[in-house]
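Think of it as A, B, C, D, E and F in the order they're written, each chain with its own count starting at 1.
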Amino acid sequence: MSEFSRPSGRAPADLRAVRFERGFTRHAEGSVLVSFGDTRVLCTASVENRVPGFLRGKGEGWVTAEYGMLPRATNTRNDREASRGKQGGRTLEIQRLIGRSLRACVDRKALGERTITLDCDVLQADGGTRTAAITGAYVALVDAIGVLRARREITRDPVHGAIAAVSVGIYRGVPVLDLDYAEDSDCDTDMNVVMNDGGGFIEVQGTAEGHAFRRTEMDAMMQLAETGVAQLVALQREALAG
Amino acid sequence: MSEFSRPSGRAPADLRAVRFERGFTRHAEGSVLVSFGDTRVLCTASVENRVPGFLRGKGEGWVTAEYGMLPRATNTRNDREASRGKQGGRTLEIQRLIGRSLRACVDRKALGERTITLDCDVLQADGGTRTAAITGAYVALVDAIGVLRARREITRDPVHGAIAAVSVGIYRGVPVLDLDYAEDSDCDTDMNVVMNDGGGFIEVQGTAEGHAFRRTEMDAMMQLAETGVAQLVALQREALAG
Amino acid sequence: MSEFSRPSGRAPADLRAVRFERGFTRHAEGSVLVSFGDTRVLCTASVENRVPGFLRGKGEGWVTAEYGMLPRATNTRNDREASRGKQGGRTLEIQRLIGRSLRACVDRKALGERTITLDCDVLQADGGTRTAAITGAYVALVDAIGVLRARREITRDPVHGAIAAVSVGIYRGVPVLDLDYAEDSDCDTDMNVVMNDGGGFIEVQGTAEGHAFRRTEMDAMMQLAETGVAQLVALQREALAG
Amino acid sequence: MSEFSRPSGRAPADLRAVRFERGFTRHAEGSVLVSFGDTRVLCTASVENRVPGFLRGKGEGWVTAEYGMLPRATNTRNDREASRGKQGGRTLEIQRLIGRSLRACVDRKALGERTITLDCDVLQADGGTRTAAITGAYVALVDAIGVLRARREITRDPVHGAIAAVSVGIYRGVPVLDLDYAEDSDCDTDMNVVMNDGGGFIEVQGTAEGHAFRRTEMDAMMQLAETGVAQLVALQREALAG
Amino acid sequence: MSEFSRPSGRAPADLRAVRFERGFTRHAEGSVLVSFGDTRVLCTASVENRVPGFLRGKGEGWVTAEYGMLPRATNTRNDREASRGKQGGRTLEIQRLIGRSLRACVDRKALGERTITLDCDVLQADGGTRTAAITGAYVALVDAIGVLRARREITRDPVHGAIAAVSVGIYRGVPVLDLDYAEDSDCDTDMNVVMNDGGGFIEVQGTAEGHAFRRTEMDAMMQLAETGVAQLVALQREALAG
Amino acid sequence: MSEFSRPSGRAPADLRAVRFERGFTRHAEGSVLVSFGDTRVLCTASVENRVPGFLRGKGEGWVTAEYGMLPRATNTRNDREASRGKQGGRTLEIQRLIGRSLRACVDRKALGERTITLDCDVLQADGGTRTAAITGAYVALVDAIGVLRARREITRDPVHGAIAAVSVGIYRGVPVLDLDYAEDSDCDTDMNVVMNDGGGFIEVQGTAEGHAFRRTEMDAMMQLAETGVAQLVALQREALAG
């Protein structure tokens, strides 16, 4: 393995530089520009005093997410989904994942009949946009809850624990953490892992891109994900304390 | 655990009765009605002598999938997607999963400039439709390849190995194999695992429905999945020999 | 006419083998797989306790139909309508026809504020899918009403009489009953006739595919349709008695 | 039957006043405003030097139709289909009928690789819009062919015979010709009949609105249709001679 | 400038022949066929006793517009927007302009909780369809209000002043009024001006098609527009008096 | 007028603080975050080596624009257009305006068979998003051309002159420059003016929101726009020199 090197020069268990800019825009109750290296996602949390039809009158809230990518967030321009007239399968899949992940840390009774929508818009993509989005959306969500508490609209904190996500993969035979685009487009296996701050798993989505992966590889990836998420949770805490 | 019981009376590591009816319809090159208990999915494999734009002129084939559910395959009627004017996020997610899974066992060069479309239509749903679809689609795919070989359109078998899928989950604290609807709608964790006949993993998608799951639970589920897929591969082989 | 022969070897006034499999799937109130030879259509009748907006509060029910064809029900694969984003003109035309036809035998006051949706999904097509769909949907409808009566939700039978449908045409100059695909794609005139068990006409839709047809040809076709529907009604009765 | 009267005061076998205004607009190769009483439909025939994909390179032309209704052509305003984002089932059904009907009088080889599109837009509706549209579209078609011949783009007349259409029905027990809206919305049976000038039938579409209709009623309606179409064909001829 | 001439032979400040045919169709509360030369637009005003959601319960009415063009209103056939499944950007832009313009002369309190929809459908286009539409829609609106007053549904006239519109432009260096298609497709600048009868401006939309225009050119165009609108208002008044 | 004050405290002829951040994202050939006060729009210029169908083979290029607004760019969350399945009328109108404006400074022959797409995505809105978008898109366009020239793909500069845009309006009776949201939502007249650096007008779009505006008011607004655009052009030059 002496010759192994990642395109970015990182060690296998290194995250990219992660940064949270809270209050990036001013209208949303929570607004965070999260960066995982060159991947930059604007995550806003918007609070509305209504719930979807299936929850009306039940005294519970809802948390949902939408995901988008600016047409030139990537190396070649993609068609604008608004202009094509529909969201693609990848977009729907990612926004369903973000929504499920964040709901896992919210007590919807304590939220009351409100909807919090997490809009995650990728301004610049360099791999790992969905895990950056989840990690940043958590910070935006906490900020939005802070606004509700400051306004005394809710008294009990509906957020329990923290949620963060990271990708892991097998790149040239080596398990690596937090793949960038150069690795992502050339790896054998790609796995997105969402966890809470108690070390519990919320979502695990692994795909063999090249050859099938073995249990031992999976174990190594899970191990990396655990250390990666632990670091991300610490960074979220620090950002929220700032 | 003396009191633990599954709604169906099965032991935790039991599959439902699995059946493959090959040649269920007559027009498609491969046509299989697969049953996992009361879940019944019609899987057809259709061969066309053209490939999508991004592959044109490259001497490679393509394998893709579409998934649908008849409006009354479930307990209450769902709107017909054709009538609503779009496929939902769940549908797109599942058909992308089926396509990726089956491509993992196909040598696209050996297929030549052909597209094989796997249509998986759920006639009756009782949990695990996507894993049944993948498992049945594999059989339909092999039948379609058989037709191509019989017609001497291809000489080399483009299918290497077998692909099967099963769901596992934590139901009332116990890891169980092949959840039916009663379990699926009441479990803590639900995981879909796609593997090949060499014991390699193709896709792993786990979701915490209730509380987050631990590494030990995950390990137990992976273990169950391995035994489940091994049985399914044997049943596929038997059906194809029939 | 000594040399005249139908591709199937049938005599001009012969129906194909007609079969009704009641209870083909288990969730719907009525579920019938109807076969007219190789044409096989799954007809389900779903009962819902609501009516469309224009009937709300009027104490009347509604009967409607949707029609679909699995992508590979035919010899070459057709695009999935859900994926193209809309139902084609042929589909809409057929489902409007099925709905009108079945409403002709239902007393909507006696049904009460309920909607019965007849989903007719073609699993395998060999000509005459719309007439098979109507004939099978009637059996599914009666079964659904039977469920409502068993549950004592309605007391009076809203179904009066029976409805069945058959195609007739001029094939190589000879009027024939119940055209299969080989005849349908090569005939001069194609006519779909929906009748009730009292010999009354509900719908007549005739199209000259080749040359225009004459009154005498039309009379001969109507005659055939009358005998065909009479047989179908007898077969429905037998199936429902089974 | 001494007391029978039609809302318009017409005798049962009377057509409404029928008028053709040729050259109603100036851009189209054929442009006819047809009136059947208060029903007014603008029919334009547009020639384009291309054919749909399935005919390319076959040396044949195509004739197709589109149908629309201005939002306030009727007594209450209907949503604009362009704004709702799709054409309804009724619209698709009617434009398919118009297209099939007109193709029945065109020799597509003689037309050459051209498409003639018949746009039938209802400016004012009072029943029978589809039969007026077919009858008027024929005149627009002949005018467009006249332009092609004047420009010497074609030498042989691709139109053989004439096509006209009329509705017939059973109104208060009496067979009547050319129903207006007051009759249409209150009749037992409604039938649209398309014929050629040789007395041959092109399309017959009959629907029992109230009770089922009998063979004798059908015969009476067909009889009326024959006399109605014969008159319409004479009026077309006269208009084209004008 | 001795050699300057407009394709139509008009002087620079000449309008085309303008005509209003009131009561062109019979169902709408207001129905006007307006002609600006060969541009002919059918404008109907439809009254409905409901308002859009954002106005419900506020005691105010709404005025809105929809714009369409028949497929062969122009020299070459355009796709039907209903068939393409959406209204184009130009259509939306024009109908928003018509709606805003007409709302400028309506006291929505005096209208009460009613919606008046102005449908402007171009039967024949020869440049200036949007300005003809606005000018004709005003007459249809006044007629619809007349119907409401005759029915004693409203007592106070909600229409204050008159609205008319005209295009102006720089054609071959000369400011001209009311451009027809030949000028419009070959001019340097095109400006649409909506004004009221008091000489106030409601909308000004100018576009440099060729080179940028100067303040002096703009002033000359505004001047022409003022005289043009004054004539149109007089013609509207005359038509309404007729 | 002693009491007149703008919500922002600016003098009537003051622009907001205007800033251009070039190279805001790294993939696009040109990427500029433009700020007009709190209005922030990300403008990217993407170059593609193909042109729309109507220009193919003509040796000319194309410049087009797309506009979007992040769902929470505004005070209350707007539905995502990609999720609603279509771009609204306002969006289409704005992107058409941006495209026309930028094409006014490009020699399309000199550009060659390339398309430059200007994506203008509003991250934060506070009035004047379309004028900020045009002004920023110009800078992104120049940067993209710089990349093409650096790569020696083009030799002649296709951009002639500069384009900038500003809004003007009548706020509480006083003509003001560069309205922010507080003014925009409460003004009598709102006008968007696009000009080139030679003082020529490209687009003028004025709308009376409250009462109609007079020629003198229009003249005052045009005057303000001229001074505003002159300042913006200077700021663009400075940013491009930086």
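Note that a contact is a pair of C-beta atoms (placed from the backbone, for glycine too) under 8 Å apart; a residue touches a chain by one contact, two chains touch by 3 or more.
Treat the numbers as computed from the prediction; the structure is a model and nothing was measured.
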Chain of greatest Cα-centre distance to chain F: C
Intercentroid distance (Cα basis), chain E paired with chain B, Å: 59
Whole-Å gap between the CA centroids of chain C and chain E: 51
Distance from chain F to chain E - Cα centre to Cα centre, in angstrom: 28
Contacts with two or more other chains, residues of chain C listed in rising order: 85-86
Chain contact topology (line, ring, star, complete or other): ring
Residues on chain B engaged by chain A in the complex (per definition of touch): 86, 88-90, 92-93, 95-96, 100, 104, 191, 195-196, 198-208, 211-215, 218, 222, 226
Partner chain C, residues of chain B touching it in the complex: 25-28, 31, 38, 40, 42, 44, 46, 48, 66, 68, 70-75, 77, 80-83, 85-87, 91, 117, 119, 121, 123-125
